[in-house]
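Labels for the chains are A, B, C, D and E, by order of writing; each one numbers its residues from 1.
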Amino acid sequence: MSYFFQQLVNGIMLGSVYSLVALGLTLIFGILGVAHFAHGHFYMLGAFLVFFLSVSFGVPYWAALVIAVAVFCLVGVGIEFVYRPVRDKSDINAFIVAIGMLLVIEEAVRAVWGTGNRRITNPYPQVLKFAGITLELQRLIVIGAAIVLIVLLHLFIKRTRMGSAIEAVAQDREGAALVGISVNRVSILTFSVATGLAAAAAALAAPLAFIAPDMANTLVLKAFVIIVLGGLGSIKGAILGGYLLGVMEALAIAYISPAYKDVWAFAALILILAIKPNGLFGGRD
Amino acid sequence: MATRKVVALLVVTLMIGGLIATCTSCGDTGPKEVVIGLTAPLSGGGAQYGTDCQRGIEMAIEDINKDGGVKIGDDSYDVKLSSLDDRAEPEQGVSNATRLATDDGAKIIFCPVATVIFPLLDINEKKDEEFLILAYTSIEMVTDEGNELIVMPPPPFTVYTKLFTKLAMQQGWTRMAMVQTTGAYGDAWAKGMGLAWQTAGGTITDHARADYYTETDFVPFLNKALASSPDVLLIGGPSQPTALVVEQAKSLGFEGGFIVMDQAKIDGMAGQIGMDKMENCIGVAPVEAPFPATPVFAERYKKKYNEQVTWESAINYTAMILLKDAMESAKSVEDPMAIRKAVPGVLPMSGDEFPVTLDGIENKGLMHMPSAITMVKNGEYTLSSDLIYWWKEKD
Amino acid sequence: MLDSVSLEVMSGELVCLLGANGAGKSTLMRTIAGLVKPSGGTIILDCEDITGLKAERIVRRGVALCPENRHLFPRLPVKKNLSLGAYAKHFNVKVMEECYDFAYELFPVLRERGEQLAGTLSGGEQQMLAIARALMSKPQLLLLDEPSLGLAPLVVESIREKIVQIVAAGTTVLLSEQNAGIALSISSRGYVMESGRVVLEGDSESLGSDPEVKKAYLGI
Amino acid sequence: MLLKIESLTKRFGGLVAVDGIDMKVEAGSIVGIVGPNGAGKTTLFNLMSGQLKPTSGRITFEGVDITGSKPFRIARLGMGRTFQNTSLFDRLPLKINMAIARRMRTQSGFFDSLVPLREREEEADVARRAGEALEFVGLAGSAESIAGSLPQIAKKRLAVGMALVGEPKLVLLDEPTGGVGAGDISGMIELICQIKDRGVAVCVIEHKMRMVMGLSDRIVVLNFGRKIACGTPEEVSGDPEVIKAYLGSGYSA
Amino acid sequence: MTAENLRKYGVFIAALAVACFLPYIGISKFMLNVIIYAGIFSIATMSLNIIMGYTGQVSLAQGAFYGIGAYGLAILTNKAGLNFWMAMLLACLITAFVGLLIGLLAFRTKGPYFIIVTLCFNFIVYVVIKNWDWLSGGVRGQKITGPELFAGREARYYLVLGFVLLTLFIMWRISRSLEGLGFMAVRDNEPLADALGINITYTKIVAFMISCFLAGLAGCLGALHTGYLSPTSAHYLLSFNFIIYLLVGGAGTLYGPIVGTFTVYLALEFMKGIGEYRFMIFGIILILVVIYFPRGIVGGLKSLWKKVAGSRQAEEGA
């Protein structure tokens, strides 16, 4: 039984990262219809920035995290400008732009930091033991910080003017323009928030594993699965889907097979879409 | 929009043009050259491993060229290394080797990953495109396929399985879980080790395979393995990810021992995570211990790369020097078969002069290199100075 | 789509725009609101040229469009929809309260439905919300595009009354309608459009009795 | 009876777009469907041709129950249609548009395209039919033009031609003169009459009452999803409920 | 031959003539190798063109079908001991059959959902091949021995050339056949095609099966040429590559896939000299091409030609 809970906690940890990445992706997709396939690469870039700051410059971990998030909020603005020319064209054009972007990023990282795996020293390596579960403190911090970020994002969207503008654009772009919301500005804001979230997720999870130029390839696939499952553009769906996938994956590893750990989510998605072609929770068509 | 389009077109053309220009200009040919090929993982989890091999060969080539290159009659050839990344993927390795053999005219190709060596055996005897494989692996099976163009310097891993088993059992460990790297190397090792372990009366509690070259987090695999409450874990792949496995296992509360496959080097891992975390690891002895000339090499290596020397560098260095001697003895840089045939004649290479001892070579290409094992106890390497002359014990 | 259309709306007036489907009424409305860029001509609001301005700027200048298919925010509550209506104007709390009060006074049902999601309202309520949202920015000029579309006769009647109230409260309205009877009964002047052109204009009474209009809409 | 509709109803959530409509179309006749915007005319068409599935009710075409059938099956049974927004293959030439519309009457599959024996004959037939149809709608001269570049009236004519080239027994025309200049309307009316002359029944949605009155054998008037009147043009135009629906209750003249 | 025909076929005939003698005009073995791969990949790209360019369904599973074809061939020859040509045909048929199954599921979805479903399928195929040791040989992969006749590189070159021409012929026939009309109808306007009596799902599935068959064929040739097979042959990055080749060349055009594949693949091979930086530059070029030349090289040349021809006519007229 303790093994079950151990895996459950691991699943929640995994789910925290998935949720944060999927949240950004769903905002971008829901609002602009852009399949931002390079999102995972900004996650990777975030991890490398934290590595660069904390290992090469000795910046304390939390300071590095804050700097990374701030930097990537700005980077998000830049991403929006790359996508702008293809925003209203067909899905595949934006997708190819994303591929181009991720090639550039991946190779740039290889050029700067080399091709090998890197490690960030775990700032909280203390091992906690309770109720038969063994856990590094950092994993607990990931879970906690993810919850804080999700709550903050929720407050931002529900309680602030800019937040409502984001929701408005997501639900009806023309309606938003009619009440005087600048779609371009919201689009920039969205990319900024989403990229910041990805960087935060990366900074949190980075000390737990290797960081490598290709670390985010499966992550971004999974994030897409999550947002499709949760209904494209649905914030609630992305959060739920993220945690669901994380837990599902951890339990599949435990009770089915670790070799196929990445497969279950994708198989489930294909089946669900075959039955409900517009995703589990509807979403835009 | 129209002007932008023109600008975009200009940028694209300029970039492509510039690229082609730089590429064509870099193809100059200097004095006589012999190209040595290397296909190895130079990115991902195996990057460190591949780079270590590359550095050993590079140092040897530097020494050779400083010495006047490969001398055949009145001619002398400068040696040049051409390396390509294969990410430990067979298909990429095959494509690299074909490229090295056909485009660069390499007659000798170094390859440090068994999973890649196997398919290379299928293509290295093709007429007019033959190349000699310098197989840096401990999977003896690569020499069992009757290929005549292979040389395998490291001792076969079967040397270690019984010794590791004995050592582990002495600690009172009987339950072993395996978290091996995927691929031919890991499979062969796990099979051999499992056999030795069970013959000695141990039990295998769990068997998981993880891709050490691409995985970045091993906790999911370890959780499963540790749930079977083993005394000892069999782990191993390139040193860097293997070190992470040890660290993560300890963070999950595992207090037993580790049997580390020979691809991962105990000293290399200690360099990653610190000696204190290496407690109870059983594996190949650190590189500095066995041979007299090794510390000298280690010193040079440290000076050059500012890192601890590894077995990868030491063995590949020696192998490269060996091949240079073989070329000179065969009086050919072109004919891999002649070079291969000249190898026995230039052996032995003594550990008094070179970082490792290469004592002899069997017909199928397996070389005789003495080795040593170690176990980390109280932060110290134990047993590491006892050399094993394994081929003498063979029946 | 539009072919050199000229029309004027005086302050405080209710002007109607008649025409069949595809005559260009909606395009005209959307062009005034800044959703479509005109290929020629000028739009002047209060002696200022607003041609080609983006929609968000035009709202700020005091022109609000209540569009044909409403374009509400379906998964947001009614109250949030209303508050977004005033997005461009940065009103302070006090002014916002006034705006809410005006909207609720006009459509009391919206007060009851404050927390309900806009997408779950009935068609008539949605139309009311759309009009109320457009009014939240306190526009000088309200553009109403086919407010009676697909609504039951009773609801249409009530919307008609509300439009009269809105004009009475001092907002200028440009109303586009297919339902010529309704439009002519409450407007002071009207324009008839066909194939992107204005083909007829005049005060409502004369338009209502014009044989051409009768023929076009009734075939009698 | 060519087409028979019995108590057809369609609900979208709470909204009843089509509410218990009964209606018949006789072979070779023209039926006009009129009503204000939002009355449910296009929804009715979409139910007839299978784009939408009815909530309840029954549609029979030539005695075959086609309720809830897929559009392509209904089309193959012999019901062609045009769309309100004049949907075409905008990037393709006119003759290709026509050929696609004729495709459902051909048998050739993938393997026939590789070994073009049967395909040859069918291709020739398709080309001939397409040419005829273009001729019929008066677009023979622009067979090579791209559909998207045509003026509105030509697009409407092309759409009508495409609905006809598959040899239907009934065509549904959704606002064939919507957005068309006044000068071009008579030509379209003539075209519709010619269709009737070929023995093909026509169902036409139109706003221009004048035009529908002159054209139709029978007229169905819809309002708020209900059929409020049905009969010959004379009967319908005198109906007080129709006048009310069209001018609105506020009309006091 | 009229001037019109000369313009139409001249380039093709010239290219074909060069292609026929390519191995004997003194190019290096390596170069020939690269060209063979480009030929194989252009078959895969053409197969993608059927489903994406002509039928308008963006499939990200082409890499999986390439892999299924290759593994099908390997398993049928190595495990079932079938004759090579038999195995190759069967492998392609199996690929088409898997395409049928996946098509039945995936074509229930549209747009971004379809893209994601196919991508997921590709990922699953990759992981299964990587882990199902018994069948696929796992990470270690397996060997493929072709017929003795094609042991030499030149022979393989002509084999691939033959199949490229065959595929091109199929594409050409499809693009002007009645079946192809159905594909285009589905691509350009699904609801209208439906109303015009075209069975959308059936049409999509037929297109998908042909596409899969040809992708499988490319996989078989790839495996034969490498002589070796590993899970990379079914990786989803392969699908990305095919899409890039297609879009750069021009989706929905006859020669686009070949032009795109050769341009991109050869350019990347030539640029190997500057190491991995080439992907950086390639990425930027890709973005610029998609933004400013969304119809690819062939599509762009076509409209350019039209413009030039148009202005010339206008001048003559004046």
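Here, a residue touches a chain if its C-beta (ideal position, glycine included) is under 8 Å from a C-beta of that chain, and two chains touch if they have at least 3 such contacts.
Keep in mind it's a predicted model, so treat the numbers as computed, not measured.
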| item | value |
| --- | --- |
| Number of hops, subunit A to subunit B, where each hop joins two touching chains | 1 |
| Required steps from subunit A to subunit D (each step between touching chains, minimum) | 2 |
| Farthest-lying chain, centroid of Cα atoms versus that of subunit E | C |
| Maximum centroid distance from subunit A, chain identifier (CA atoms) | D |
| Subunit A and subunit E, separation of their C-alpha mean positions in angstrom | 32 |
| Subunit C-subunit E separation of Cα centroids, rounded to whole Å | 53 |
| Geometric centre distance via CA averages, subunit C-subunit B, whole Å | 76 |
| Computed distance of Cα centres, subunit E from subunit D, in Å | 41 |
| Subunit D: positions in contact with at least two other chains | none |
| Shared interface positions of subunit A, touching two or more other chains | 110, 115, 259 |
| Set of subunit C residues in contact with two or more other chains | none |
| Set of all touching chain pairs, with the criterion as stated earlier | A-B, A-C, A-E, B-E, C-D, D-E |
| Complex interface listing, subunit E residues touching subunit A | 52, 58, 105-106, 108-113, 115-117, 119-121, 123-124, 127-128, 131, 236, 240, 243-244, 247, 276-277, 279-280, 282-287, 290-291, 294 |
| Residues of subunit A touching subunit C in the complex | 161, 164-165, 167-168, 171-172, 174-182 |
| Partner subunit D, residues of subunit C touching it in the complex | 20-23, 122-123, 146, 148-153, 156-157, 160, 178-182, 184-186, 194-195, 208-209, 215-220 |
| Residue numbers on subunit D that touch subunit E, as the complex places them | 49, 51, 70-72, 75-76, 80-81, 83, 87-92, 96, 99-101, 103-106, 108-110, 112-114, 116, 119, 122-123, 126, 162, 166 |
| Residues of subunit E touching subunit B in the complex | 28-30, 33, 130, 138-141, 143, 226-230, 232-233, 267, 270-271, 273-274, 278, 281, 284-285, 288-289, 291-293 |
